[in-house]
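Labels run A, B and C following the written order; every chain starts at residue 1.
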């Protein structure tokens, strides 16, 4: 085995168990429900940011509509549980399927577009989902859906913050693990090759269309899982939850932590979902400070906190920016 | 009803166009989307709100006349222009050599900052705005055109004509065009990039400020998050028209306004915004570079 | 494995870029495609590589028509290419670049990577060994963990050719491989191209401007001018061909040389 892989394996052997162990014992030190509540929220955002990372960080497709998949997952799961009386487990698998197919559907028009055009189409997608949720009868419009059942297994019900904490973070760790494994597979390398140079990837036999669409599908699938968990956790969803600002927020988490890395999006989730809650005593200032922090971070650490990824790909606009840089 | 919706769409479209111009001008020169643009527009509305207060006009149910309107419009545009220059200087200039992604995040950060600062300073509630002309209107056939709609259209057209004149015939305007055509050549010809970029932000922001006032008066309301939706719509309009292209932004704005208005009337009011986005997605798939592409490819 | 270009024409919005060009690339040949600027070399190259579809005519590989196939299937027809302005995967390591080149040969689905099945472990190990062999051959083994974007230009060029080789394609299309290389690097390139043919038995079709490289490495040349094939033959004959000299240097010069 070569050095790079050896190093990354050694790192993984130490860091994964440490990370998981820290997550398992954390509740011992956190007795108050509010902090657990915040941690659940961070876990959900970690899933969302990590799944967006597959679309943006691995495949290089800008997406500003990730909250749309989140909403699809939450609504499909909630409706299946309430109307059809399905269990949480069945409903969340169905919602992941729904998320996958929605992703594929979005990927089809998106595969012809790049950069800012892709941004606006995905942004539009997020808005379309919200508008449908506001207007459809089955989603109860702006009133939202209350009374969503919590997950049950055997006689155990996940109705405490603690149990949801374990469930959500288990899902987050699985998502992270899958994303990490993906990078060492034929599939993941194909995604990254499309990100780095589409034409070169195609010349090596990579079916670009297929991989771009699949990236959206898989990203959508995990975001839907987060949605399904969210619905059962808060027991109430309404269209207001899934705004454009959430898509932008998820996007920022991924970038701030480090695009294309595995730990980056999770770190970003801790920062952007956690900090505002921790700083709640400065309620009025916290988002002002957060905005400033984002600008400052981009000035001093443009690749994100953990990132080394060079975002200057080979698109035409980037080349033009490079010219601007030279002169 | 068709003509009525057309008129409504034109008025809203003119406003979208004014905001879209700012997106497109910045994109034409720096190649990134200034997400804080919508918040500048929101600040424009607040400027007018306070100027009217200063002039002693009742904001609730108050009526202003044309001179009062311009007395608020011009200072608000100036203030927004200065805000735009400051925004560029603090949030974008330090990362001008960075990637597009960092510019995008910085823009989102700036948007968060502006929106929440406004919320902190002015409160998050919706505040009323005075009316221009007390709801008077003219009728042509069955079509009702209110004076305020006429005013919005006239002011939008005047501003766009002024912009057109500025871009085509002044030295600074020519410099802006040169930079957006070929940056390297423009700099080699001795054009000061910083000055051009500042001017671009000033103009775009001033137009957004003007749009903000008109929207405030048109709908009679002002609130800190009003920038988000309008920003998305205007960005859509800019893309629809072909981003980087000023006439394209105007066309895109007007088209989007009309599509929304007609879609809302004939298909479904609730799905009005969704229709606009569907049209955008279809249009982009058929014409991946917008309706009017930028001169050079 | 004979690659045939049969009466290919290409029109871009009224401009005729290629008109009725035919030739064939025999197995084991090193064939150079040359011509003055704007002769249509790159257009023809891109048609063979599947980037453009010809307006008329066909491309066949052992009688199989390729002209209407999507771009990414060229690898399955045993045709690999490099690019004039090197296109590597800049954020992947040298080794990852090569392993990505094996995309069409690897079989394991993502699910096997997630569960680390034995088939996946074997496939990854084998592909890594194969990649390292090639990197050794081309002197890049010491660079395997460096990001592709950090390599010097000359090594990037070699890496790109290595990546095309690892696909095991019989026909290699090289688009101006000597562009931007200094004399030492081009001499090395000539050796590599020879080795690719002699030791690995590949067929090479290259477009090139550098006449030094062309004359040293090619055994056969096809000359294009204004989209028309004006000559085909061995380098020494082409050097004396009046039409070719005219195309490159103008009629007056050709008369003075006295061909």
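The rule we apply is simple: a residue touches a chain if its C-beta (ideal position, glycine included) is under 8 Å from a C-beta of that chain, and two chains touch if they have at least 3 such contacts.
Being a predicted model, the structure only gives us computed values, none of them experimental.
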Topology of the chain contact graph, where touching chains are joined (line, ring, star, complete, other): line
Label of the chain whose CA centroid is most distant from the centroid of chain A: C
Inter-chain centre distance, chain B versus chain C - centres from mean C-alpha coordinates, in Å: 50
Where chain A and chain B are represented by their mean Cα positions, the distance between them in whole Å: 31
Geometric centre distance via CA averages, chain C-chain A, whole Å: 40
Set of chain C residues in contact with two or more other chains: none
Chain A: positions in contact with at least two other chains: 310
Set of chain B residues in contact with two or more other chains: none
Chain A residues touching chain B - in the complex, by the definition given at the top: 109, 112-113, 115-117, 119-121, 123-125, 127-128, 131-132, 134-135, 244-245, 248, 251-252, 255-256, 259, 284-285, 287-288, 290-295, 297-299, 302, 310-312, 317-318, 320-321, 323-327
List of chain B residues in touch with chain A within their complex: 27, 30-31, 33, 35, 90-91, 94-106, 108-117, 119-120, 183-184, 187-188, 193, 228, 232, 235-236, 239, 243, 268, 270-271, 273-274, 277-278, 280-281, 284-285, 288-289
Chain C residues touching chain A - in the complex, by the definition given at the top: 49, 51, 70-76, 80-81, 83, 87-93, 95-96, 99-101, 103-104, 106-110, 112-114, 116, 120, 124, 128, 132, 144-145, 149, 163-164, 167
Contacting residues of chain A [partner chain C, same complex]: 1-5, 177-178, 181-182, 184-190, 192-193, 195-197, 199-208, 260, 309-310, 313-314
